[in-house]
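Here come two complexes built around subunit A, the first alongside subunit B, the second alongside subunit C.
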Partner chain A sequence: MYIAVTIAILIAIALGLVRAFRGPTLYDRIMAGNMIGTLTVLMVAVLGFMTGRPEFLDIALVYVLISFVSTIAVLRVYIIRGTMDSSSTGSGKE
Partner chain B sequence: MEHLVDIVLLGLLMITGFAIVRMRSLLAAAMLTSIYSLLSASLFVVLDAVDVALTEAAIGAGISTILLLATVALTTDEEKAPRHTPLLPLVVVIATGAALIYGTLDMPHYGDPAAPIHQYVAPTYLHDTPGVIGVPNVVTSVLASYRGYDTLGEVTVIFTAGVGVMVLLGYRLRRCNITGPGIRNLIVLRVIAKLFFPLILLFALYVLLHGDYGPGGGFQAGVVFATGFILYALAFGLGNAQRLIPRKLLRIMVAVGMLIYAAVGIESMLLGGKFLEYRVLADDPVTGQRLGIMLIELGVGIAVASVVLIIYYAFVSRHCQAPEDM
Partner chain C sequence: MMDTVLDVLSWIFLLGGAIFLLVGAIGALRFPDFYTRLHAVSVCDTMGAGLVLVGLMLQGGLSLVTVKLLLMFYFMMFTGPTAVHALAEAAMQSKLKPVVDEREP
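Right, the complex of A and B next:
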């Protein structure tokens, strides 16, 4: 059961990474980054129960709090720039 | 099963590393480094190194991403096209990588019980910690007690980093009056920040005080604590955050954290022990050890939180219009 969940989460992380790499806009990347953060929380929780050490939930809690703040930091940089259009940020890869 | 997770995570890490190098948008690259940290932290969890995973999550995915973003906000978003051909660096990197891989061939296999690391002091630490130190988390006992000198050195490094940033970017740290453009419209963010701010601080205290029993300790607690105030600064503007934690206080607290640590060492010398020999701090040696570990973790936490906030203030206050001192 836990194994199936872990595999599903790993696949979802890989899909999120594809979106983070390809973009094309920064919003896609922010969403992907946030999603990978959430999935990591889930995976740490599942791994904790799979290996019989549920105290790993401490780490999952840190992830929740931290990944939330760094997502907000990205958005704040965006506001400071005042570049809310996707034209200047769309060119991720060259 | 764990091997499969290891392999998949390592593969994802490698792909992310390549993507970061290829990415020309610095904002996107900063976000990808955050993802990289999250993935490597999951790898540490799989490898059962939960203290390292906690540190990686708090520092790698949190603080260093935020500091990278603060730096990007001061410069441009686009990486400049390299002027030189990347051939020579490529050769150097490949040669170094090949040498490192060659070096690993002599290393014992992963998890080999006959490996030197499992023969030297590790069995002593694992065997003696419950009786001599009395804390369930062996990592904490090694970090804070057996290798207290090293940790003092690490705190000194962090202290030096804070001092270095202050020397380079202004000892007094600028005051910030502006609250940032568009800040008044961020109602959702403000409500969420009000909700999360006390929770983050509470969790930092939990990480600090629970470090004896579970993953955590002074370093992680300090970073989580600072992240709480950074969230406050993001939601309510740097000016308000500087009213909450004045710059003067931060400058004092950096030194206080460092001094608490060193004072524990000197106190144990005064009581007839060696430097950082905690067992003389109380009548019962185990109680003394626990007291010493708690005090130095507190010192580490204060120093780390202050340094992180000083660096954040120093970076972000470059945006402030009026560079008046104090």
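Right, the complex of A and C next:
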């Protein structure tokens, strides 16, 4: 039963990867990264249940927050890089 | 008897969650514009993850495992939409125009 859900999550991750490679804009790639992050969290949780190891849930719980913070961090990089290009004299901070 | 009902119910939730994840992923591939794809991903994040986690909670029963799953569900409900909003905000800031319907009303 868990195997069916794991396979579905793996297919969704593969589709996310296709979107990451094909994504025309930069933000498509960041979105795909965010999506694959949450899918990995779910897969870790389901595999934790499948193999009967409750420790996996701690990993999944931590990874939820890490993937969120990493998405925001990547966005910050491009927001700041964007403001520095346009305002050549700008200090780069909002 | 009660055990099998719980198992069947959790399978239904798990399968529903898996279906939502797939639909979200397929939507993220096939939608024409960035913002529509963003919607598909956020559906996949919140609804798919929610159903899968509820399905696992039913399997977990009343134990520490369910508390962790509840915490994960709680964080996902907050971080998912926030991340998608930040993405849309950053995209709009970089002058990425959504594709609007040019046909006359």
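Here, the second predicted complex is superposed on the first by the 82 of 94 C-alpha atoms of A that agree within 3 Å, B and C clash if a C-alpha of one lies under 4 Å from a C-alpha of the other, contacts with A are read in each partner's own complex, and residues count from 1 in each chain.
Please note the rule applied: a residue touches a chain if its C-beta (ideal position, glycine included) is under 8 Å from a C-beta of that chain, and two chains touch if they have at least 3 such contacts.
For clarity, every value in this text was computed on a predicted model and none was experimentally measured.
Enquirer: Based on the superposed arrangement around subunit A, label subunit B with subunit C as either clash or fit.
Expert: In the superposition, subunit B and subunit C stay clear of each other.
Enquirer: Have a look at where A:Leu61 lands relative to subunit B and subunit C in the superposition and call it first, second, both or neither.
Expert: Touch partners of A:Leu61: subunit B and subunit C.
Enquirer: Report for A:Ala8: first if it touches subunit B alone, second if subunit C alone, otherwise both or neither.
Expert: Only subunit C; A:Ala8 stays clear of subunit B.
Enquirer: Taking the superposition as given, does A:Ile72 touch the first partner, subunit B, the second, subunit C, both, or neither?
Expert: A:Ile72 sits against subunit B and subunit C alike.
Enquirer: Comparing subunit C with subunit B, which touches more residues belonging to subunit A?
Expert: B
Enquirer: Where does A:Ile30 make contact in the superposed view: on subunit B (first), on subunit C (second), on both, or on neither?
Expert: A:Ile30 contacts both subunit B and subunit C.
Enquirer: Enter the shortest inter-chain Cα distance between subunit B and subunit C once the structures share a common frame, rounded to whole Å.
Expert: 7
Enquirer: Would you tell me the residues on subunit A in contact with subunit B in one complex that are also in contact with subunit C in the other?
Expert: On subunit A, the overlap between the subunit B and subunit C contacts is residues 13, 30, 32, 58, 61, 65, 68, 72, 78-79, 82.
Enquirer: Mind pulling up the subunit A residues that touch subunit B in the complex?
Expert: Checking each residue of subunit A against subunit B gives 3, 6-7, 10, 13-14, 17, 20-21, 23, 26, 29-30, 32-33, 36-37, 40, 43-44, 47-48, 50-51, 53, 55-56, 58-59, 61-63, 65-70, 72-74, 76-83, 88-89, 91-94.
Enquirer: Across the complex, what residues on subunit C touch subunit A?
Expert: Touch residues, subunit C against subunit A: 11, 14-15, 17-19, 21-22, 24-26, 28-29, 34, 37-38, 41, 44-45, 48-49, 52-53, 56, 59-60, 64-65, 68-69, 71-72, 75-76, 79-80, 82-84, 86-87, 90-91, 93-94, 96.
Enquirer: Quick check: in the complex, which residue numbers of subunit A touch subunit C?
Expert: 1-2, 4-5, 8-9, 11-13, 15-16, 18-19, 25, 27-28, 30-32, 34-35, 38-39, 41-42, 45-46, 49, 54, 57-58, 60-61, 64-65, 68, 71-72, 75, 78-79, 82
Enquirer: Considering only the defined contacts, which subunit B positions touch subunit A in the complex?
Expert: Subunit B residues touching subunit A: 1-2, 4-5, 8-9, 12, 15-16, 19, 22-25, 27-28, 30-32, 34-35, 38-39, 41-42, 45-46, 48, 50, 53-54, 57-58, 61-62, 65-66, 69-70, 72-73, 77-78, 180-182, 189, 193, 196, 199-200, 203, 207, 210, 214-216, 220, 224, 227, 230-231, 234-235, 319.
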